[in-house]
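Each of the next two complexes has chain A plus one other chain: chain B in the first, chain C in the second.
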Partner chain A sequence: MSAASSPPLDIDIRHEELDGRLAETWRTRPGFWGALATVDHKVIGRRYIATAFVFLILGGILALAMRWQLARPEGRLVSPDLYNQIFTMHGANMMFLFAVPVMEAMAVYLVPLMLGTRNIAFPRLNAFSYWIYLAGGILLWVSFALNMGPDIGWFGYVPLSGPQFSPGKRADIWAQMITFTEIAALAVAVEIVVTVFKQRAPGMTLDRIPLFVWAMLVTSFLVMLAMPAIMVASTSLILDRLVGTHFYNPAEGGDVLLWQHLFWFFGHPEVYIIFLPATGMISSMLPAFVRRPVFGYLPLVLSMVTIGILSFGLWVHHMFTTGLPRLGESFFTASSMAIAVPAGVQIFCWIATIWDGRPVYRTPFLFILAFFFTFVLGGMTGVMVASVPLDTQVHDTYFVVAHFHYVLIGGAVFPLMAAIYFWYPKMVGRMMSERIGRWVAGLTFVGFNLAFFPMHILGLQGMPRRIYTYQTDVPWSGLNLFVSLSTVILAAGFLLFFIDAVRSARRGEPAGENPWGAPSLEWATTSPPPPYNFARIPVVTGRNPLWDERGDMPVASGLRVDRRELLITSVADAIPEARDSSPRDSIWPFWAAIATSAMLIGSIFSPWAVVWGSIPVAITLVGWFWPKGTPEDDA
Partner chain B sequence: MRERVVADLSHLPLHGKGTASPTWWGTLVFMLLEGSGFALMIVVYLYLGSLAPSWPMGAPPPDLGPGLVLTAILIASLVPNWLVSRWAGREDMRKVRIGLVVMSVFGIVPLVVRCFEFPALNLSWDSNAYGSVVWTLLGLHTTHLLTDVADTLVLTVMMFTRHGANSRRFGDVEDNTLYWGFVVATWLPIYACIYGPAWL
Partner chain C sequence: MRAVAIAGLAALLAAGCQREERDLRLDPPVTAALDQVAPMANAVGGAPPDVLGALGEPYEGNAYNLSEGKRLYSWFNCKGCHADGGGASGPALLDGWWRYGSDPVSLFVTLRDGRQNGMPAYGDKLTTEQIWQLVGYLRTVGVSSASFAAPSRNDEMQSRPAENRAPASAELGTPPSR
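Let's look at the complex of A and B:
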């Protein structure tokens, strides 16, 4: 760009005009195509979150169907075949379409705001990720509606899922749905790592990064190292089923335990891919409710990193009953118990934070307390099943069902509910109802514990998981009825939550910039934030920017307003290195996602779909990356 | 909140190079996740090999010819690859164009050799688990080659258009050479797996 036509900088423009000029450059165009082409991380993040909650509702309805069926012996609501589909759909849906995506979605929305930047890195990849995720979800649910829903359990063990025992396309639907969701998750992981490394506000050194962002950074590395395992597994399963390879066929030198190793090498880190973001949320929310900075920033970060590393050394504890060598089992028992140490360090840091603070019992804080109680119980049964003899006894029983629901709902869903109540005002501009929120917290906490605690006992009494019914002569009917009735309380809590979320979007109290008086950067801009997030990039001088700088906010100026420009800073010290451009809206990621979806769905039926399907994928990718001569291309 | 301007960014370049470029980091991160996919496939190979009574299973070891030729070409390609990277760093358009054409050839020729490499494995993917895993390893790397060749071809065409004379594009060329180095690097352990038994 020559000096003669030097482009407009924010310093050249009167303050009152700046917002309008930036909004013109950064806004999403109105209308249908504008909505498809947007690359605004906030729009995509909100979509991602809303879609994930739709899947939560669908998965929850399946759970209610199962509880209706099991409420009394010899229930006849659903057939055994449909029951197989229902529990598989429930698990696969909750893990792959709700839990992981919703955590990544929160990060897509929050991480750029917390870092003081204007968009996520690779925003078009972000749009692509959402469309691929949506396509995978539609694939799974449409198949279910067509009686083609997978029926092999959410971990799809061979030989049951292999060509011999699962003819038809149900298992392939499951395996390919995994491919969709893993592509989406890997894309977000790449974006988050690069955003955290390169787009932090000046002055935000590594030891000033908000803890939720640290959690998402560690999580993203887990995604990148663990998810390829499930892609290798699901792809080789599809190959076994479609073109007759023998990865899992013992008669031709394959091995069925190979599946379990690959699946759980992904599957155990997966638990932490869901749990770590939740811990990050808690660390980031707590200070606002106890009016002091979080205790033990460094141990909290180190615990997250430690959990991340240890999570790769636990997978065999899912396989204790497969007859592996004793020494191996002992090693994995030790590592499974060891991970309780960093988890405990986190808990004690939070307790210390609350202890030393002045707690304000608002709805998000109530959910945090619900998390403590529930997650600690789930962690205790976790230490129990880490021991081989106990695990052998309760393997595949309702004890395990109780354990992982305590960990996942207690450890991830309660913090998520807290996070929604906490950040909803930022996303929507209005508060959710405090009065309804208390009811939601109470109903879900009580309903959850009443519904799931008795499952421990049912498991110890020998009730296996995944049975579609049981006979009258086993002593399980009383507790099962109690569990099913309690589920209604839990469901009522969720129903109230959704009513509140929808109602508050129109009728909630206006939130203002920082309704909780919280210290991190996302609260330094309007609610909801403008398309460009910050008119001027904030400059960070401490760990709690909005508390450290009472009065006025230090900012940096000198960015262009005629193109989407943001600040690139150095990895360790966040020293400004360049002002780079951020891509404009584009419809190509949408077409690329359509082309990729067509290829992936086609490949369930014919290997040639990969060959012919790759051509439109290549064309759409060229359209995506080919320079358009916009000011964003200036260098 | 009121704002207080404490820094002026207008002197900063309009585009970061090398480690100041998000694309460079993106390339690195993609290598990490693809690398873990390759590593896992190699683990599958070693796992199945450790269970088998004999390895290679039910077939003579692969013929060494095509694999050796391909490996030689890939290693030789590192020299022009490195030169293109240097020229792109200096934004020398003429040399970059020539270099990219050369690198396109260095990408296409291994794909031709690969057509002879699959038959040289001496069994089919559906013969047994050994066949499945060597075909998949080779197939994975072929996909890797294909995508990078397609990328190189598009980039070559782009450098001959009006969009080429832009330091962003030179940065893209550098990132592409970085990625080609990765394509070559991942081949070596795969080569060792597939052809190791034949050498021993």
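Let's look at the complex of A and C:
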């Protein structure tokens, strides 16, 4: 083929011209439709993160409402019926609309950058995932505004959530919201696994992958193995309620306990789906603040894989009071306690990293320290409730509420806030305020511990979960008032955090490429990164590329610039195998998400919605996959 | 166009609220007014209490009230004579034939005051609200097409399709003999 007719490669173009040509190929088109059609993982990742934080605010407001209600005995702020909706909304919202999506959103943004590739695998699926997630969130919150919010707890136990005891569509809204978020999560999980396995920069062998990426890889497998269980559960619940099947009707051969098994077979790995990314974030952030590579890369990876595997073997510890065989209880006590081993390995690796380094006490590092203290405490109570006799005593009390807020906020939200402070400059191009950041870290840490530690005591005193009020003659009012007042400190910390995030977007100090002096690849490009991430694909020679290559980084070249093209590398050794095209922007994922949402919402009301709703879904999928005659269509 | 959209949304809001509202404790004056039915002289048909219209017919299309009605149907042993609606020592409720009328007032009077041939009076065993909940429920059991608000199956042995899977019986039965 002559040079004139062959497509332009990046090696044929002068360096100054390259950025412009790549930007033209990869950019998101301006305007409303361009924004809807974009498949840029950075744009979608930012949207995902922002949406998840909106849900965090909404869920936080519900938490404040609950604390106001419980501040004094015989509270009158909300009715019992509304309280049921509020605590269900708080839990479901925080788990399904905040915690899991925000972790996956961070991965959508960061994983391709950390791996040195130009877009996530299956970028249109990525766009579809976001729209479906958004639709699920809107479904839940609009229903709540219509007084149709679920009131069955975030775990939706039958028979309470079943057809006999949950009239109306409240439980169906909950079950279908799960379908939405699970579709979104599964889509992202598949993208991440493929991106990690096939799109790493040349030279990034398996033992050079950044730890956050390892964490997301393990998490993605957890998502793929755990989420089908809850989809089976929620779908069979909807069938029970709508068409009168008998999955959970013991009189017709169904099984009530089946629900708990299905739910917790998902629900326990879910905890690690939230926690593992947080551990990955810590491992990836620490080196920048202690100025040395993380201690024990291999044990850290192995402990993440171990946690991932073990997480499927301990769901029954949520069901100790359901009357299971003694042998089963003993087994699951042992397996629950066993998870303290890999978790301990991680903690000790981090302590060794800090011990051997020269810590720089910037805001993200403060949050990491807050994580250590809070999470270890939550882990301790975790070992306590893993033992059957103690669990039998404190089951469904505020002790459990305290425990899981310690592990979720301590284990995931503090690392997440560290991660936001850490990667915000990369995403926005400006630093968040260090001065405000210290206040945020202090207020949230102190506020959290003051608000949640007394709940351990309340639980030991016998205060049950999910009660909408309590009488004046029980000795809980003093601690409850203290807890409620402390919540204000915590809320003030979060408020300050959001103010800082919004303010810094315009007025923050401009961040350079690598404000923290961190070693991984996402810091090798501009902040925020260009649409194509890297003008030339970096070549990795060590575990900490930016520290290993003090001068110029080696790069790979030979990719086309007139179409979206990626480098595909081998799974184990990241040896370049092929150049592959990456899809262009498309509006069809958006329409497909609308069609899917209509079908899923309709199927709450009539089984025929699945039949008729599948037609628009099929049409939009045809549109999605129809060849458009672009250069990307040729393989 | 925008006005239509807003009106449509408002209607949806109103409908959603109405169908899912759970009024757990009625005001005493409302309860008293709910008892003010004006039946005809033969105790079949008549004028419903005005308050029902004012409340927006809460016992016709509200999922919670219908479900409570279904619960009362079994708690007060309506099943003892009428079975799951198919009828036993008492007449069937699914076949579309009603000896004493199927309108809300007739059913209310039937439940409150009882009828000849063995239907006892429940006026001193149920509150007025509960009687209306039962009336609402009874009016869903024999219909040919179900509403979204109708209750679903119970966790028990099934003898008929659930109320939200109407029709419960394939065709109109022959009129029962007296």
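Simple rule for what comes next: the second predicted complex is superposed on the first by the 630 of 635 C-alpha atoms of A that agree within 3 Å, B and C clash if a C-alpha of one lies under 4 Å from a C-alpha of the other, contacts with A are read in each partner's own complex, and residues count from 1 in each chain.
We adopt the following convention: a residue touches a chain if its C-beta (ideal position, glycine included) is under 8 Å from a C-beta of that chain, and two chains touch if they have at least 3 such contacts.
Bear in mind that the values here come from a model prediction, so they are computed numbers and not experimental data.
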Which of chain B and chain C A:M148 touches, first, second, both or neither: second
First, second, both or neither for A:D552, with chain B first and chain C second: first
Touching partner for A:V243 - first (chain B), second (chain C), both, neither: both
First, second, both or neither for A:S303, with chain B first and chain C second: neither
Contacts of A:E252 with chain B and chain C, given as first, second, both or neither: both
Partner chain(s) touched by A:P163 [first = chain B, second = chain C, both, neither]: second
Common interface residues of chain A - those touching chain B in one complex and chain C in the other: 240, 243-244, 246, 249, 252
Chain A residues within the chain B interface of the complex: 1, 9, 11, 121-122, 186, 189-190, 193-194, 197-199, 202, 224-225, 227-229, 231-232, 236, 239-240, 243-247, 249, 252-255, 258, 261-262, 265, 513, 524, 535-537, 539, 546, 551-559, 567-568, 570-571, 576-581, 618, 622, 625-627, 629, 633-635
Chain C - residues contacting chain A, complex: 12-13, 16-17, 19-22, 24, 63-64, 66-68, 148-149, 151-158, 161-162, 164-165
Parts of chain B lying in touch with chain A, wherever the complex brings them together: 1-16, 19-22, 25-26, 29-30, 32-34, 36-37, 40-41, 44, 47-48, 51-52, 57-58, 125-133, 135-136, 150, 154, 158, 163, 166-169
Chain C-facing residues of chain A, complex: 79-81, 143, 145-148, 159, 162-164, 167-170, 240-244, 246, 248-252, 605
